Amino acid sequence: MNMSRRLAGEFLGTAFLLAVVIGSGIMGDRLAGDNVAIALLANTIATGAGLVALILTFGPISGAHFNPAVTLCDVWFGQLTSRQALMYIAAQVAGAFAGVAAAHGMFQEPLFFASQHIRTGPSQWWSEFIASFGLLAVIISCSRTRPTSTPFAVAAYITAAYWFTSSTSFANPAVTLARAASDTFAGIRPVDAPGFIIAQLLGAAAAVVIFKWLFASEKEISPYGNQDLPQPELRDLP
Amino acid sequence: MNMSRRLAGEFLGTAFLLAVVIGSGIMGDRLAGDNVAIALLANTIATGAGLVALILTFGPISGAHFNPAVTLCDVWFGQLTSRQALMYIAAQVAGAFAGVAAAHGMFQEPLFFASQHIRTGPSQWWSEFIASFGLLAVIISCSRTRPTSTPFAVAAYITAAYWFTSSTSFANPAVTLARAASDTFAGIRPVDAPGFIIAQLLGAAAAVVIFKWLFASEKEISPYGNQDLPQPELRDLP
Amino acid sequence: MNMSRRLAGEFLGTAFLLAVVIGSGIMGDRLAGDNVAIALLANTIATGAGLVALILTFGPISGAHFNPAVTLCDVWFGQLTSRQALMYIAAQVAGAFAGVAAAHGMFQEPLFFASQHIRTGPSQWWSEFIASFGLLAVIISCSRTRPTSTPFAVAAYITAAYWFTSSTSFANPAVTLARAASDTFAGIRPVDAPGFIIAQLLGAAAAVVIFKWLFASEKEISPYGNQDLPQPELRDLP
Amino acid sequence: MNMSRRLAGEFLGTAFLLAVVIGSGIMGDRLAGDNVAIALLANTIATGAGLVALILTFGPISGAHFNPAVTLCDVWFGQLTSRQALMYIAAQVAGAFAGVAAAHGMFQEPLFFASQHIRTGPSQWWSEFIASFGLLAVIISCSRTRPTSTPFAVAAYITAAYWFTSSTSFANPAVTLARAASDTFAGIRPVDAPGFIIAQLLGAAAAVVIFKWLFASEKEISPYGNQDLPQPELRDLP
């Protein structure tokens, strides 16, 4: 019961995240024509702003992970069991595909169609490693020391990462899978997805190792959630 | 007396909201020429920033609904009587038209002139459904769990929604009616307005149903307002 | 002594504000060429972001008025004597011209040179009236009900107002005078300045009248400053 | 031990800062082509957003200086010993070069290659003086009076300074050195670096002198850090 609400939150939040990423990519692409910088700028501003709204909205319900890498780190920190994490990840992946379909419906595209956007090679994998390392660094530190700022920090980080990485910073395995099903501005070839996901998980793992050391002297490490707000549904899981 | 101040707040706030939407649309359109992406980017940034300022300013006075869909949900949640809601909606619609006229005056356009901008069809209605569902989701969850962040969450959401929906996210029946009276960048043909409004109300209703369930275990649901601030005028209505 | 620090704050803050407005106008104009929309977008983002930083920085020192219209309203609300207000306004005007000169020095322009940018006519005066009305509305309401958000609300408002008014929202007599001494992107012909200033003062006065009524039931009206922070230098004036 | 964590924080944070500045410069340059205004706009938004995320993330660990000028002012205010400051500066410079290399790796550029971007002359030095004066003003005042807003104030200031100075506001000696090793959009000729660094240090020193006077009546001056948060690692240094 408790868990069903949290899974609904992850599903809805991840669906909206993908709708924002895919939808604003299509809109930017259509309006900006061959000016890719303008299209990416619109895609960036929409994604950054969308993340602020979505994390503030779904944070109190599910913790607003929207990202299997974040959920797996939660297991590492002892906040979730493996079984709970699997359910979270299933909700995220399902939500991600639902969001892609919702965006395609808004722009009269097929529900799903495999992307032909080539995104591969060491420099892009290195980008995904750096992007995911940074994302987890932001989440671990902020949620532990100033949780009310976490939604703004995460959104600001992704806003920057869209531009400072050559991969435009997917940094999220569920997002990567779903973007493979969209042959639009934000897509990625299905065959390129595994390379991205492996790099993302390695980057996230590196962040956990380093930030566990950085915060080692603290008595309790509770990396996610908003401890300064009453969160009855997040306290005790079934 | 109390209510008259609140209605003045809704009137002024909605008027400024429309002045921002219409005025920045005209300015962007005139300066950007045929580069619609730049025009929409300017329109987006102005609207998002304007919403931050307006909700912070009028929140303590009227709750800063500016939107009949929000007011109707307030009735559903038992925060307003139907009669109070009608007065709110009348103030919003009057303010919306006043804001359109004010913007037209700033840019030497006729006070009102019917839009010829075609906005219709299932994908645009679906966009309005999604946009309004998300807007109410943000408002219900944030105002209940972190009200001081609500102005930023709502503004960020609309910033994103201008780009991730094919309708550019009106998500507001009063705004829709008033934009029909402006044959400028942000306009909508009067004949297309009903389709948008129906989709908006359905999306808002769906959000209320789902978020009532998501927050069902909480003892009290008070979806709007800023409970952590002293708000004498919002406490007891006549 | 106390007052000298506050005047130094107004001088420095207004100087930086003008350096931001003029400097980013020149930079945008030079880089964007004949794409005025991009130039104004850069000018807007720089001004909005600059205001956040400057109001946060100088708020605890002088209240961060930077604007004679704001200072005069402070007199109306009984927060400053007329003599103190005159000193504030002198510091603001001197700072504004210093900031223009500083910006010109950064971009290898003459220290001062009269603008030839025509900005006149009823629609621009109406724009300045609306812009100033809204600015004072934001300041009066936010500083009274949520002072820690005021810097963000004011900056967001000006960000929007650059685009929703045909005058690009000067909304500040000291800024208007100093911009007349800069024949660059942000300039205004000296002969056009009085019309702007009169419209600004009328708009500000209208806001004070209306918001005095809106907040009439409250026991104490203290429209500026950040009451929730320790501000020894702002408490008792000589 | 304590100090090693703080140095790791400065290293990582400065590395990410440079990765953001250099990486988004390359991306903007590649996508925007000869439209330098769009490239700088992307560079600006990425840097501003990145600073929000990085200062929030590393503030509780090291104070998030990322800047020798800030560290030296900390010595002036008696917050750090000279020896500690030297270690901080070494970590910042090392991190800055690591970040440049990381960004180059993401965009398939050589690890390091000397910039040929000419940035010299009195107007650019004056720009760096002003930029650094303002940066230290923001940091000293905000961290002393409203530390939770400092990350947003610093990021907003740099966002504005990219546009209102003709040098695009380096304002940081470590950043200047490392950008000399990148022949990309954000680079600076090695021979031009000393002029920038001298101007930066003079601007920072001027800010300390003036703001020491502005805040002289206060009993304790603690210009950096976030005193309202528990910061065990920042309290007592070895």
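Should a chain be cited, it is by its letter among A, B, C and D, assigned in written order, with residues numbered from 1 in that chain.
In the analysis below, contacts are C-beta pairs under 8 Å (C-beta built on N, C-alpha and C of every residue); 3 or more make two chains touch, one makes a residue touch a chain.
Quick caveat, the model's predicted, so the values are computed rather than measured.
Undergrad: Among the remaining chains, which ones contact both subunit A and subunit B?
TA: none
Undergrad: To the nearest 5 degrees, please report the angle of the rotation taking subunit B's Cα atoms onto subunit C.
TA: In degrees, rounded to 5: 90.
Undergrad: Do subunit C and subunit D, two copies of one chain sequence, contact each other through the same residue numbers, with over half in common, or through different ones?
TA: Under half of the interface numbering overlaps between copies: different.
Undergrad: Find the chain most remote from subunit C, comparing centres computed as mean CA coordinates.
TA: A
Undergrad: When the C-alpha atoms of subunit C and subunit D are each averaged to a single point, how far apart are the two points in Å?
TA: 28
Undergrad: Starting from the mean Cα coordinates of subunit B and subunit D, work out the distance between those two points in Å.
TA: Between these chains, centre-to-centre, one finds 39 Å.
Undergrad: Hunt down the residues of subunit C that sit against at least two other chains at once, touch-wise.
TA: As it turns out, subunit C has residues touching two or more other chains at 35, 38, 41, 45, 155.
Undergrad: Mapping chain-to-chain touches, which pattern fits: line, ring, star, complete or other?
TA: Looks like a ring, each chain touching just two neighbours.
Undergrad: Using the contact rule from the top, write out all pairs of chains that touch.
TA: Every touching chain pair, ordered by label, is A-B, A-D, B-C, C-D.
Undergrad: Could you list, by residue number, the parts of subunit A that touch subunit D in their complex?
TA: It comes out as residues 35-38, 40-41, 44-45, 48, 123, 126-127, 130, 134, 137-138, 141-142, 145-146, 149, 152-157, 159-160, 162-167, 210, 213-214, 217-218.
Undergrad: Which subunit B residues qualify as touching subunit C in the complex?
TA: Its residues touching subunit C are 5, 8-9, 12, 16, 19-24, 27-28, 31-33, 35, 38-39, 41-43, 45-47, 49-50, 52-53, 56-61, 102-103, 105-108, 148, 151, 155, 226, 229-230, 232-233.
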